[in-house]
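Okay, so chain A shows up in both of these, paired with chain B first and chain C after.
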Partner chain A sequence: MAAQRETEGSKANIVMWGAPTCGKTTFLAALSIALGRQSEGWKVIGANDQSTRALVTLTTQLSDGVFPKASGAVIEHYRWRLVGQELRRGGWKSLFRRSPVGVQFGLDLADLGGEGYSPRRLTQKELIDDLVNSRGIVFLFDPVREFEKGDAFEYLFGVLSHLSQHFLENPEFSSGLLPHHLAICITKFDELRVLETAEKLGLTQPDEEEHFPRVDDGDDARELFEKLCEVSASGYGGMILNTLEQYFAPERTRYFVTSAIGFHVDPRLGYDPDDHQNVMTDEKGFTRIRGTVRPVNVMEPLLWLGRRLGKK
Partner chain B sequence: MAGRTVRLDVEWALWGKEPGDHDYRVLACSQSGLTEQKFDQILNRFSIGTPDTLPQVTIVWSGREDGEERIGIAIHESSATPDKVGRRIAVTRYFCVRYEQLAYQPVSYLALYRRLRTLRLPQQGELRIDVDRMRPDEIASSVNEQVMSTAALLLTDKSVCIVCDDKVDLDERLLFLDTVAAMLPYGMRSKLSASTWTSSTAQHNIRLSFTTDARDEAHNVFWGRPTPISSEAQTSQEYMRLLLNHADRKSLIARLAQATDLMGFGPRQSRLPLAVLDQSYREPAHGVDALRETDRPEKVVRSLADALQRQDVDAAKSFIGRLKYLSHDLEVQGRRDELKQILKEELLLSPRPWLEGDYVEEMYGSLLRLTFGRSLSKRTLNEVHGIVHGVFSPLLLDALARMHTYDPVASVSIARRRSSEALQKVLTGYSGAELVHAAAGLDADESFIDTVCKELARRYKSQEGMDSGLAEALERSGFLGGVLETCYPGQYKRQFELMLSLLKVAYGEGALGDQELESALNGTKTMPSRALLSAVAYLYGSGAGDALTDRFLRKKVEEFDLTTTTRDVIRKNMAQRRPKPAPTGGHPVLAPRQDTWQQRADLVRHERSETGWWRRTAGWWKRQMDYLLYLLLSASLVLLIVMIIIFAMEQTP
Partner chain C sequence: MAEPERGLLREALGEAVARLPDGRDLAVVQIGKSEIFLWKVYRDSLGVPRTKRRTVLPAAGEACQPLEGIVYDILDNVRESHALFAVEDSARGSAPWKVLDGLRGSGRALRDFVCPAPFVDLLREVLAEDPLTRMYELVTLRRTPGGGAEMQTTPLFPVGAQRGETTPLTLRFVSGPPGPPALALVASAQHAQAFGLLSVLSGPVESGVHTVTAELVRPGRVRFEGLPAPLAEDPRSWNELVSCLPERLEPAARPRTEHLVCAVETSVPAADPERLKERIARVRQLLAGLADAPDAPRVSLLSYGSHRFAWGVPEQEPPVWCWEGGPEDALERLDRLAARGPQTQTPQRAAEVECALAVIGDRLERSDGTGRTTLLFVGERPPFPRRNQVSGLLPCPRRRDWRLLADDLRERRGAGFAAICDDHDEEDPPEFWTEFSDGPLFGLDAVDLGALRAALGLSTSARGLPFPLVETE
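Our next item is the complex of A and B:
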């Protein structure tokens, strides 16, 4: 029994996927801060000592203004839990009105340095195993890297092919679509070029509380993704969206425009559209976070995945 | 007396990013033995996660990459440069040494690290360094019960994590790892990975490491606290008991360091270290101090040769005893070239009928150990062959058979010379996959290949000891095609027959299926041999040509990394078929029955594209003319009928 629990514990239900430097670990580091900034009562808790320590270290680093170091070529497993309350009907007392009910979603995350997804390296068996056993994927697309280097397709296609091969004989693959839920996150929304693209397309609208811009999840985010793919340096950006739509069911896919560190908001003056960059570079070329971290759409993809996976 | 230092040839690689780079990669390497790609694989396989504190040190073994065992040390350090996104770059300097260099002149991990940590990397080529030889007395002072129990726990199939905080510094961690390794047979270092830090959330491949938090799936050793060994780990308990029984730790370390046979970890091999330890308990190691009184090995061997020349039995026995003493000690290392010369000149490996057999065999054993080291390889055997001019006495063969060897080619070669029973006994000790692996190596000769093929056929016939990895090993070796070509040049029939037998061993009797064809041809990265292609085509039966194209050629072409556009053109070209030449006479040729609908459609399409528009237009005119002719004929017919009717009416009164 204990052995079985161990085995179950070592599996990830959500895998972080993306090219090097696309911000996978920073995204996870921002989760606690994102949850701390919302008032819906959600919190993230480590399910074992090592996961709790990782959560604390990542969060503390980011809140100190330091980006996490680049992940190595080894898969990090974080066993976290999203704990909160949701309004649900239940019992005769709440027949006509919904009452808050405590809920908990498992976030058993696998995070690997982007180099691990490279087709130039031997695909790690552990990575494919994690992907096969998981049912949720957070795919991070870095528009800045795609514009400068244009290699997101490389980091997608090789691993996706290996993954599909494993599902070839699986009845879940009978429709030709993978059974995973996929949260596609367009990262670095705070970067000037990404924000300007969204604004030119008329996809932004101000956040109700902080007034900085946001892009609605779903169709608007997908449109931005499509346009950003078009400016890929390699010209293969357009294939990313097509490939993702060929392999994942539309009802199990959702698009999010995210920023792990968010926009700079002056504590006294608030958000200034002419001075919103939250990253600064020192004289040696090292980057730091300029002000406080205000994650945009970091909690939402994981909460969406948690809810979808919880239903299964 | 041998010196206190050991000279080593070191391969190296630098792993990191250039300033402004996005991705980690091998930035430079020695480019002498291991390639950049191999270094990349090794460093990825033993990644430790992202350390908070640098430097850290990882002990890395390698052997899968090119079949040669190496012990490596990776030093992870911080750099002063940012990467493309402004993060500090961590660099890893990796150094590795061929195990055979260390097998007869052991060094400690700590000594290696101390020598390498400040070493500047050259532009290219191997490094040559001098490192302090392992000193059992130095390590013995660090042995305690926690070290022993950690070593014992390594004999299970789980990894071992030493849980401690940041207060334990790098040198202390490395000394602990070194001391634990010293409590195991030295040969286990060829498969030991260890690190001064690993991420406790990472799914890493490090067997022994320091970590900040305990892990569920590992044995956790809490620094400075008692380390009980659970009753489930019986081998570990037994090993611990044997370690505790050794009061003289210096002697224990010296004895374990002499056990240089390659040895792995895991339940299948856990009894081997126990056997080594048990033996060393019964036969105490020679004291280092006592050995210092002895002369140089070359001098003793010369004296022995004199005694043998004079047929002085007592003197010969005395020198044989001293040689045995010398040959078991780590600190003694003779000048091997000089020793080889003496063996050859003095015919020391020749038969000595006037001396008792036990002494002769002991003499051979000691001479071989001193001259060639403790491990027997095919190269050693070839050298001995040269010294004795191909004449191996039975006692010499016995002495050779007693040497440690992990080389099936060498052990099979000796066993074949001894007797058929000995050969069968040796072969039984190897799995089919191991035999194939050895046969695919550089040392394999014609007789070895022949023996392996016969043995595999015998096992297949008797269904005895067929291992699950055999088919895979054969596939990966290209069914020994290259070796067969080398060993049987021009003997195509022989190559073909052997290939058929190997395919039968892998896939059984009967015709090959598509899946088997694909596995047989695509298992190896190199191009399959002609013998393999012929045998596959033979066993596949009808349709072999199409199957070879679809399931092999097309894949090989796909693997060739070209641009997408070029690859698309190649794919299209391969998918299309050229039309068969038009028949020059006789009956028109029908499309072959086995052509698929798609193939026929392609053929028609191709024919159309070849004939061009003008020919199609000519066809149209021909059809129009045919219609016109029909029309004229019909009109003439009608006219004729009408005329007949009119004529008939006119005739009617």
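Our next item is the complex of A and C:
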């Protein structure tokens, strides 16, 4: 019996989606570090030379305190595999016993430059095809950008319209909902305004080990998402949540509050709520990471998507 | 003359004066041994009771009017007034006494009293004890948030106050040219905005805080006790006094600084490595002017840069180059500071102002030095915040709060604050340094040393203030 299961076919692809500078590349770069910080045995491995090189480069840059260069209009395809173990029930002899089973999730991540999703570029068939052929989407919502520019809805609505068009005749679309699983990630949780909003809503809880704040996935994260959409610079932020819920089934959608770089934790004093900022400007004027990278909720959305797609 | 009779007249007169409304008279006819005076008691525009006296019956030796004529004259003069008649005891049997008989026989209701001579003493006593019909206030100054001076009045005596009442005051006098501070007494009617000037007194008063007791001597006159020299009527006009009010209050209002702490920011823009030399030059100019002064303050010198937030590199406290030395010591240490050179500014747009304040506070706590301490900061960047900020500025690694530290120095040590800021734009002054400084903010490119010395409380020729400041501590 095969203890190992690998998702096959492009429909298992997970695509990352979000406005420019929403942190897609940093999110990907933080994945390996996030996996390295957990003790459940999960790891990410490149499936070809190009993807392995990208994995090493992105991870090294981030661990050196440098923000990886955001992808432009170029689509970066990372063929990665998330390899780990899960407790699963075996055959009839072990019906009531769960045993560790080796599992691989295919993370053929397409890191598309935010501009690629602009309505002005939607004629590029390749971009839409990547989303059409995927069944897992990581939607990154940058609340800081939304507060300052408010263009998330612009990037969202055009893409959803074209995706829907592709699925119009597809039986998977019979309910009027797209067949994708959607992990909505509210990014930059480490940013003061985002954290303070969560704190004011009473949604934060201290992390059991590091004591920095977290917001529970699901309803709490959705409440924060809704609140942050209200302060959109364009005034269209409120439509983002409604639109996502109109296109994606609630049972295939989950909300995560994330931070690729995490909070600053002083190696001697630990987490200090008065000094949690993990970004600083270096001597040359570049924005860089202040301390160690401690990703918050970076691997969780991908593992959730991988598991959901694997169960199909 | 029996005292009870004198008491009756005094009581009747006091009651009549107290009830005297503005614009009306009280007539009092004084009948003496050889003369008759007609007194008119009235209130002036400030509610102070005043008197006018007219002789009705000439003294002995002058031509006498017919008795009837005198009676008519008196009745004619008191027709519109409340009237009282005071008959001096010595007048019994005299010619004026006959006038009284004539008045009694005129049919008009008279209130006459017998009193011991001289009646004028009794009248003075009654007027002095008249309760105030206006509130009496002292013209004082208060500091405005913008560093200016604003006139105000400090209540002394309410309506109804009487002779002998006192009010304690704690006043700060700032003596100096163009004239001594004045104690200007004003009266104001209840529910009225207008003030009337009652008196302006002045005299030689040393600068500093004085505890003064204001005593109501009589309506219209207040005596101030507790000052080293007696006060006299000030000859200056009101306009002259008001024109002496400086635009900025603090420099002249401060006591002299006996300990000057200079803190110089050593971080400079990469494009302007000479900036530190300019900052040091300004401090040098200031200290050089103090070096020969017989009353030179003690001088301390610190430098401060920017937090580095470097991994594994412990943050150092701002170094103290000289503590409570003389100006010459500080000048020599300035040379060493200049020789060490600047630190290039970090992208963190802040400097260790808060840590410099902490070091100063700590040193002062351990110091035996007396007198006022004034801090002069020379630099550009504001302090690091106490905690995270939306701006992204990292907090002070020691979590120091400059406001708490500065308030502590102000409140517990009475310290003053001044600053020379690199980029001082009069139109758009730097927010932090404006809040930091007690007085005017100085720019690095052109420092008016006289004004700086005055702001630091080092000037011996500070201008005086025309009125005292009310001390609220």
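Note that in this section the second predicted complex is superposed on the first by the 287 of 312 C-alpha atoms of A that agree within 3 Å, B and C clash if a C-alpha of one lies under 4 Å from a C-alpha of the other, contacts with A are read in each partner's own complex, and residues count from 1 in each chain.
Here is the rule we use: a contact is a pair of C-beta atoms (placed from the backbone, for glycine too) under 8 Å apart; a residue touches a chain by one contact, two chains touch by 3 or more.
Quick caveat: nothing in here was measured; it's all calculated off a predicted structure.
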item	value
Room on chain A for both chain B and chain C (clash or fit)	fit
Chain B versus chain C as contact partner of A:D275, first or second or both or neither	second
Partner chain(s) touched by A:Q104 [first = chain B, second = chain C, both, neither]	neither
Superposed arrangement, angle subtended at the Cα centre of chain A by chain B and chain C, nearest 10 degrees	110
Contacts of A:R290 with chain B and chain C, given as first, second, both or neither	second
Most chain A residues touched (candidates chain B, chain C)	B
Touching partner for A:L192 - first (chain B), second (chain C), both, neither	second
Partner chain(s) touched by A:A54 [first = chain B, second = chain C, both, neither]	first
First, second, both or neither for A:Q246, with chain B first and chain C second	neither
Minimum C-alpha spacing, chains overlaid - chain B and chain C, in Å	12
Contacts on chain A seen with chain B and repeated with chain C across the two complexes	279, 281, 285
Residues on chain C engaged by chain A in the complex (per definition of touch)	309, 311, 344, 346-348, 386-390, 392, 394-395, 397, 399
Chain C-touching residues of chain A, taken from the complex the two chains share	192-193, 272-277, 279-283, 285, 290-291
Contacting residues of chain B [partner chain A, same complex]	19, 22-25, 40-41, 43-44, 47-50, 52, 80-88, 90, 199-204, 212-217
Touch list for chain A against partner chain B, complex	6, 9-10, 19-21, 48-51, 53-54, 57, 67-78, 113-116, 118, 121-122, 124, 126, 145, 149, 279, 281, 284-287
